[in-house]
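Each of the two complexes below includes subunit A, the first together with subunit B, the second together with subunit C.
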Partner chain A sequence: MNAALAFDTLLALLLLWSAWQALSTPKLDRAVIMFIVFGLLLTLVWSRLDAPDIALAEAALGAGLTGTLLLDALAAFGQTGQGAGSTGFMTTIRRFPTILVLLVLLAALLAALSNLPLPTVNLPAMVAQQMPDSGVSHPVTAVLLNFRGYDTLLEVAVLMLALLGILTVGLPVERPLLSRNLLVPILARYAVPLMTLAAIYLLWAGSHRPGGAFQAAAVLAAGVVLLNLAQVQPRWIPGQHWIRQLISAGFLLFLCIAALLLMLNGGLLHYPPDQAGLLILLIESGLTVSLAINLAAFYLLRSDRPEPLPNQEDTP
Partner chain B sequence: MLLDLASNLLLLAGGFFFCAGTVGLLRFPDVYTRLHALAKADNLGLGCLLAGLALKADSLVQAIKLLAIWPLVLVASAVVGYAIAHRADRLGITPWQRDDR
Partner chain C sequence: MSSGLLFAVVGCLLFVMGLGGIILLDHLLRRILAFNLLGSGIFLVLVGLAQRSGRPDPVPQAMVLTGIVVSVAATALALALARRHQAAGGNTGQTDRTSPEERHD
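Showing the complex of A and B:
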């Protein structure tokens, strides 16, 4: 018991320390590395809190794919950025109002947290009561895809919007290549089939234990990114229509099922209990493929637009 | 009883090797020697930890799952170690040498 408490305290302190390091260091590359460390520590925190679903998602998305994206951005834009480098007297004066506002906010948050009203609804009991009708036996999946299915629907839409945003900005197609080496492609060729297998397992496991579409998609996307890093799979360009179709297919399938249920049952995503398991598996399979392509596209899909026009007025 | 003892010894050995690897990472002079410390000591430590945990596992499947982690990490760390060293070599970082003569 005491050892567990000591470990948790150490973990919490390390988490705060890595977050502070990531924010305060003037070096961008150090900030990115500390962000990845922060993500890994957060994974440990989630697993200590008995939330393996979130731990899996955090490890794959928060630390893994986001870290890769940040490293890629670092390589693409160079390390010219200077963060909180200058620490003169004037900067301290200028920062004073911000610090004051933040302190007031912190005090207000602490005051609000200290007398938080107890929840009037016992959600875990309600979920447990409804579990037989959900079509799956893992409570997290039941909440994500049945009881609060529309949240997940909107989340998928948000990911598509994020990709749209990246394409609008337009990133350069070329990036500094890694030094050619022979081992990474060999690793990629052997690892990717295993990763695909793991993704299918995660998708299947989602119905009765931690796992599910998001985690499976993250593993698949990581496989595609690995293939790209190993120079087996070139960058995607937006002209390739199959990418857009695949990305939207999962969302459209989800939307069609929701619309169909709305017309038949009069409720958005009110599954009939008999078919709930099948429908959830169908939606999750579609989502796995689409989310995987979507997540990988964050990294691989580059707008083929060349450098921004030199005589643009609005560039500062 | 004997199984518990063996498992605990393996876990302690794993912890020791991880500590040794970390000391190497912090104290060794250049990227190549640090990679050497990490790739060797930490992987041996991981092997000990996994073997120790597998002895404590509830079922055979669980033990096999734990032991299956090891070869995956071994392959990944070998390739990553090579990739880092290769890149460092390309960047022209010369390996450290004892400068007592």
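Showing the complex of A and C:
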């Protein structure tokens, strides 16, 4: 037990150190790398907290896809960022009240943690009690797609909204690749078939063990990004309508099932216990495709126009 | 001290660190990093506190799983906004210190 606590403490210190480095290291590229390190350490923390579902999602999304997006943006921003360590004396004086308020906030939060009230509801027991009617045997999947299915429905909508926002803001233009790493195509050739297989397995495993639509979609999206880096899959442009159609198809399937159940059973996403397993698998399959393309589009979607127009707003 | 409570404390520290980063750092990319650290801190508090007795709790785990996907979407949107800001001629924060007359905050 003591060894476990010692490991947790070491992990906690490493996590805080990497977070601090991500904010304070002078070079921007180093900060992004430290953030990816932070994501990988956080993956370890989630597995220490008995949350393998979150660990899978964190590794693929938190560290993987976010890291790719950040590195991609880094190239656009250039190497001009400075850290908090290089500030002058006057800036430190000006920042002092903010730091003081933050320290008071931290003290208040830690004081709140030190005398917590006992929980009034026992959620794990309630979930365990309802498990036989959920249609699946893995509690996290049961919560995600049955007990709190509307959360997941809204989440998919949020993802589509984010993509819509990016399309509205304007996509970055495709820049020619400066260097070509010959190892990446070889890696992609071996990894992408395995990743596809892993995604299908994760989707299937979600009903009875850690895994599910999100993790499967994350792995698939990472596979598409890897294919792009290996210069097998070209960038997507907004004119390709199949992207929008596939992204909305999974959401619409989910919405149709929800509406149908609302009319038949009188409750949003109240599955009949006999068909619950089948309906959840159907929804998850649709979601896997939609989410994978949506997540990959965050990285792959590029403007088909040659150059952005900086003063587009001024000309009517 | 259970590992749940330990990581809840770490979550609080990350939350404050991320909040400080958003307020105090100049570069937009750094602020996006800080925003992600803040979010991760909240996730750790959510799961860590629920599991302070040592038993896994599927409800906060499912919520955090949803939260991670949403935070990736938010990061992607934030990066697109930051890029557009830069493409439209705005600075991303790196030239702030050379023009102190613009900063009265």
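Criterion: the second predicted complex is superposed on the first by the 295 of 316 C-alpha atoms of A that agree within 3 Å, B and C clash if a C-alpha of one lies under 4 Å from a C-alpha of the other, contacts with A are read in each partner's own complex, and residues count from 1 in each chain.
Keep in mind that, in the parts below, contacts are C-beta pairs under 8 Å (C-beta built on N, C-alpha and C of every residue); 3 or more make two chains touch, one makes a residue touch a chain.
Remember, it's a predicted structure, so these values are computed and weren't measured experimentally.
Colleague: Who does A:3 touch here: subunit B (first), subunit C (second), both, or neither?
Modeller: neither
Colleague: Tell me the contact category for A:181 with respect to subunit B and subunit C: first, second, both or neither.
Modeller: first
Colleague: Of the two partner chains, subunit B (first) and subunit C (second), which one does A:111 touch, if any: first, second, both, or neither?
Modeller: Once the two structures are laid over each other on A, A:111 reaches no partner at all.
Colleague: Identify which of subunit B and subunit C touches the larger number of residues of subunit A.
Modeller: Partner touching more subunit A residues in the overlay: C.
Colleague: Does any part of subunit A touch subunit B in one structure and subunit C in the other, and if so which residues?
Modeller: In the superposed arrangement, which is not itself an observed complex, subunit A uses no residue for both subunit B and subunit C.
Colleague: Which stretch or stretches of subunit A touch subunit C in the complex?
Modeller: Checking each residue of subunit A against subunit C gives 4-5, 8-9, 12, 15-16, 19-20, 22-23, 28, 31-32, 35, 38, 42, 45-46, 48-51, 53-54, 57-58, 61-62, 65-66, 69-70, 73-74, 76-77, 80-84, 88, 91, 95, 98-99, 102-103, 105-106, 109-110, 113, 116, 119, 123-124, 127, 139-140, 142-144, 147-148, 151-152, 155, 158-159, 161-163, 165-166, 169-172, 214, 291, 295, 298, 308, 310-311, 313.
Colleague: Tell me, which parts of subunit C touch subunit A in their complex?
Modeller: These residues of subunit C touch subunit A: 1, 3-10, 12-21, 23-30, 32-34, 36-37, 40, 43-44, 47-52, 55-59, 61-66, 68-77, 79-84, 86-89, 92-94, 97.
Colleague: Could you pull out which subunit B residues touch subunit A in their complex?
Modeller: Against subunit A, the touching part of subunit B is residues 72, 75-76, 78-79, 82-83, 86-87, 90.
Colleague: Going by the contact rule set out above, which residues of subunit A touch subunit B in the complex?
Modeller: My answer: residues 178-179, 181, 183-184, 186-187, 190-191, 194.
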